[in-house]
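Lettered A, B, C, D, E and F in written order, each chain numbered from 1.
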Amino acid sequence: MATIQPVVFFFVAGVLAGVIKSDLKIPEALYKSMSLFLLIAIGFKGGVSMAKYEIMEVLPIALSMVVLSALVPLTAYPILRFVGKFTQADAGAISAHYGSVSAVTFAVGVAFLSSIDQPSEGYMVLIMALMEIPALVTGTVLARAGAGGEKTQWGHLMHEILTGTSLYLLVVGVLIGYYAGIVKLVSPLDKMFMDLFMGVLAFFLLEMGLLAASRLKAVMSKGLFIVAFGILFPLTAGLFGNYLGWIFGLSEGGTMLLGVLYASCSYIAAPAAMRIAVPDADPAMSIGASLGVTFPFNIFVGVPIYWEMAKYFHGIAV
Amino acid sequence: MNNTIAMKRFEIVVGIEQLEQLTEILEKTSVRGYTTIKNVGGLGSRGVRDPDDVLMEQENVLVVLACQEEQAQKLASELRPALKGLGGMCLISDCLWLQGPAVSY
Amino acid sequence: MNNTIAMKRFEIVVGIEQLEQLTEILEKTSVRGYTTIKNVGGLGSRGVRDPDDVLMEQENVLVVLACQEEQAQKLASELRPALKGLGGMCLISDCLWLQGPAVSY
Amino acid sequence: MNNTIAMKRFEIVVGIEQLEQLTEILEKTSVRGYTTIKNVGGLGSRGVRDPDDVLMEQENVLVVLACQEEQAQKLASELRPALKGLGGMCLISDCLWLQGPAVSY
Amino acid sequence: MATIQPVVFFFVAGVLAGVIKSDLKIPEALYKSMSLFLLIAIGFKGGVSMAKYEIMEVLPIALSMVVLSALVPLTAYPILRFVGKFTQADAGAISAHYGSVSAVTFAVGVAFLSSIDQPSEGYMVLIMALMEIPALVTGTVLARAGAGGEKTQWGHLMHEILTGTSLYLLVVGVLIGYYAGIVKLVSPLDKMFMDLFMGVLAFFLLEMGLLAASRLKAVMSKGLFIVAFGILFPLTAGLFGNYLGWIFGLSEGGTMLLGVLYASCSYIAAPAAMRIAVPDADPAMSIGASLGVTFPFNIFVGVPIYWEMAKYFHGIAV
Amino acid sequence: MATIQPVVFFFVAGVLAGVIKSDLKIPEALYKSMSLFLLIAIGFKGGVSMAKYEIMEVLPIALSMVVLSALVPLTAYPILRFVGKFTQADAGAISAHYGSVSAVTFAVGVAFLSSIDQPSEGYMVLIMALMEIPALVTGTVLARAGAGGEKTQWGHLMHEILTGTSLYLLVVGVLIGYYAGIVKLVSPLDKMFMDLFMGVLAFFLLEMGLLAASRLKAVMSKGLFIVAFGILFPLTAGLFGNYLGWIFGLSEGGTMLLGVLYASCSYIAAPAAMRIAVPDADPAMSIGASLGVTFPFNIFVGVPIYWEMAKYFHGIAV
């Protein structure tokens, strides 16, 4: 079995600091700077390795996987609405979060693969960038269909999604990385965007631990259901992602990453979008479930499991 | 007090996302001076708003504005209908403007 | 002025380390709205407090709060004994609340 | 209201580059307390000032100060001539100081 | 022809984010931290390579080039005043901006040279640091000579120029880099100041793109003249710089860098100084021209052209 | 003799900028981010090299050196109280500062050793982390014993010390570094926490110079005594630390580092703790002495002297 990445213990350190009420604080500007860095760096890395593919060849596959990801919120919604007894607005908003993705979870998955020397398809990062669109749109439709109230601000929402920082910087990173790969000028930029990636991730996870600790109360208030959902749903979604990856003929690493994408859950882009699209949903609940339950589950337990799933499917293939 | 002008003081708190809308109203009323403080938090009908929360961006802005009676009337009647979209609060009180060379009211 | 309610305006400055204690008092008095500004400095009985000093953390917070007369009396009588532990200052003045749809007072 | 002292409240807005000059005037008038809020923006006779503009550094500071009538007279007469160099605005209003153990006025 | 550096596309990404009204924002603290970094790093790099020269030998040449740079604002002023119909104050202030330099443009020039493996004189950075002085002083004199009004605060202005962050940090960087080069202890510092240079520049250009986009309106208001001036003037100044560099016997790389220095235009140090020296000039105009027109022109089109100029002059020499 | 590290000249540059009233300013968020970085990085580096020891073997030695460090404030107190004529509160608080340690001074010591290729024990960093406890407790007792007034808030104080950012992050760094060392996954994290250490230290020293300059006035007000104390006391404490290190059989490098720890003086953790424990002490005085006198003395003059002391003691041993 693969050893746990040292970097994820920074998350534990953050949670612990929150629990023992340490005065440890990450300056807001640092947190925001690191988000920007991670998005560009993830994109850049993906772009550089995409330079080795024929883009046109992979595009149809990539788009299919993006479109199919709309199944994730569509599955989450009835469970939340009818088993979890959430309001329509909350169930829709949480579905949007789980259909969307977490770039940091993806990054932990990539780190896992590189620690066991497994390659993966560079365009996975493009899939990640685009997966937000079906998830947020589907979640919004679910939250508002037939609900009356104010008209959904579709124009505003689509603008928020398409020009939102996360999608925008991932795409910028991909394009510049791709160009740098093509003209063979990756070099001085990789010193920052590749070499420092893990170190920045460490700091970022420390802050995410602090944030998760501050959200635990919101999770507790909803009790067992949200914990069970926050663990069982990503497992199912991860299985489905792995299955699709295998069907589409991705490498073992790519298969696992698609599992991670389907299983992971947004806590940055989705809350911002849902505030506009579904203002009557309670953001504390979706952020609590996403950051307080699913995120830690995925980086500690989920990622190795999704890898086992990928190996299992590829075993069948043989 | 000497060298002072009686004036009205407005103190308005709105969400940062409404600031543009507010300054448009101020411009429309030909206000010639105001002061804005960002990064403000608080409690109101929409619950707690904490500008330090990095995951949920909820920042208020406080606007202080001094103007003469006549313009105050105009401003109040412009602001009142807009409050529906703006939320927040608008307080009006009396004050004296200490006269200097600059006339930004 | 039309469409306004006469109210009391509280303006409280305390050290950031006392903010929690203050908001507890506000909650106890069932206040329904207030505004907080952090990163505030000043001079008082404890000397100069500069929020920009990175070595000595001394930050004040300014709280503005509008409420009706009756609640103001209650709040003032809760705040007065607490001022010993809070330090800082508490000013009370008259103001008008411009009526809108939200009722957070 | 009980246990309160009638006071004057000054609310001054100047450019951050004038803050030192202002605090010197306050010291000269032996003021014993004031509160400063930095990172403030606004519109005035010098046009819009936006503290978030990283290329043009134009930051205002808002100073709130409560003192007794007598000192208020002194302060106003010191401030008035200085306003020429300071720019900005200075509002004066009435307020009550809720009495506590600290006497910083 | 040399390929365009990937790093400059971050500027494009920033402009585009501004144009499509993305919510992308660079925290102010990050912007300021990166300015400090770039100034020290540029100085440090120059200082390290200066350690290979006899300082006393190069000082006279360097100082001559600094003094001659006063010709740049002296040429700009009449064009702005009489062709552009600017007020005396504005014409003087804009002249000061164009006489002064942009460290980031210089950095792009250096990156260009290193991507085509061309050496240059380390002391160019010292010239850059000092060029602010004649530009800002000349610009102020032009703006105020015979203009009446309040007395120029020469003391205040000289203090601002000489102790201003950009001049100060460039000199600190040069001195410490020089010392580190002499005692052969460049090593652990270069991991930061040299290896990360391009990565930080990428981020910085992203922010500069955002800033440039926010200034476009000011430029448009003045219309065609300012666009024409913002392109043609640096071309002329760059030609003159290249000519001087060749006359003074600089290497091809150094010649081109002198061209870049003469052609580049300040948007950080000069606005701060002009606010004190010429308070009645409109900063929006000079920053708009500098950042909205000349800066992008220089990094995309100018730098390769100045390089062709340098090669042309050195071709004559042969 | 060893050459002075280039990095310490950034401190000089900071002081000078303060003295000439340059507008140079380090954003607060950058200062705080760098503190966090340095604490984690120092811990991480120590943890990685601790992975080579049997922890249980070194623990008794380490703890003894921590406990004995309580002698430092116990010695400082009577000097401050009876020679310096400080109040009981001030004398106690300053003692706590001098008994405590400065992670940056320690870092300069480590940089010194690595520039002359001398090894040292990794667990020194653990000693540093723990030394705060006896110093702050002893200082508080001295400041308050028999003084009446409000009851000492021991619970609050111990919570502040044990969960305070500096102790917490050092320990987090040690643990994760140790784990990374054991599982042999130091690699992508070292790109940040080791390679960039000196560069970040350079920036941090620049800011510390600015801070020291802003504190000079407070030091001057107390005059000659505080300057004499700020130089002579660390020399004595450093001698004592070196003596102990030699007795305990540390390497030459480790001996010197123990000297540095005993000689160095806190200006971050101690002020925060003393504000709670001894609110009637004047923080300006202790920070002034610590940052304005002892810190610069230690990094420029002290460190090389402590190294000579270490060599002297180990010479005896032979």
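By our rule, a contact is a pair of C-beta atoms (placed from the backbone, for glycine too) under 8 Å apart; a residue touches a chain by one contact, two chains touch by 3 or more.
Model, not experiment: these values are computed from the prediction.
Touching subunit B and subunit F together: A, C.
At the far end from subunit C, in terms of centres built from Cα atoms, lies E. When every chain is reduced to the mean of its CA atoms, the largest separation from subunit D belongs to A. Rounded to a whole number, the gap between the C-alpha centres of subunit C and subunit D is 18 angstrom. Inter-chain spacing, taken between the CA centroids of subunit A and subunit C, is 41 Å.
Contact of a single residue of subunit D with at least two other chains is seen at positions 37, 39, 52, 93.
Counting partners per residue, subunit A has 27-30, 32, 196, 272 as the residues that reach two or more other chains. Looking at which chains touch one another, you get A-B, A-E, A-F, B-C, B-D, C-D, C-F, D-E, E-F. Put simply, subunit F touches subunit C in their complex at residues 28, 31-32, 211, 267-268, 271-272, 275, 283, 287, 291.
On the side of subunit C, the complex with subunit D involves touching residues 11, 13, 37, 39-46, 52, 60, 62, 72-73, 76-77, 79-80, 83-84, 86-93. Those residues of subunit F whose C-beta lies close enough to touch subunit A in the complex are 27-30, 32-33, 36-37, 40, 159-160, 163-165, 168-169, 172, 175-176, 179-180, 183, 185-186, 188-189, 191-193, 195-196, 272.
In the complex of the two chains, the subunit B residues touching subunit D come out as 1-4, 7, 9, 26, 31-39, 64, 66, 93-105. Residues of subunit D that touch subunit E in their complex: 52, 54-57.
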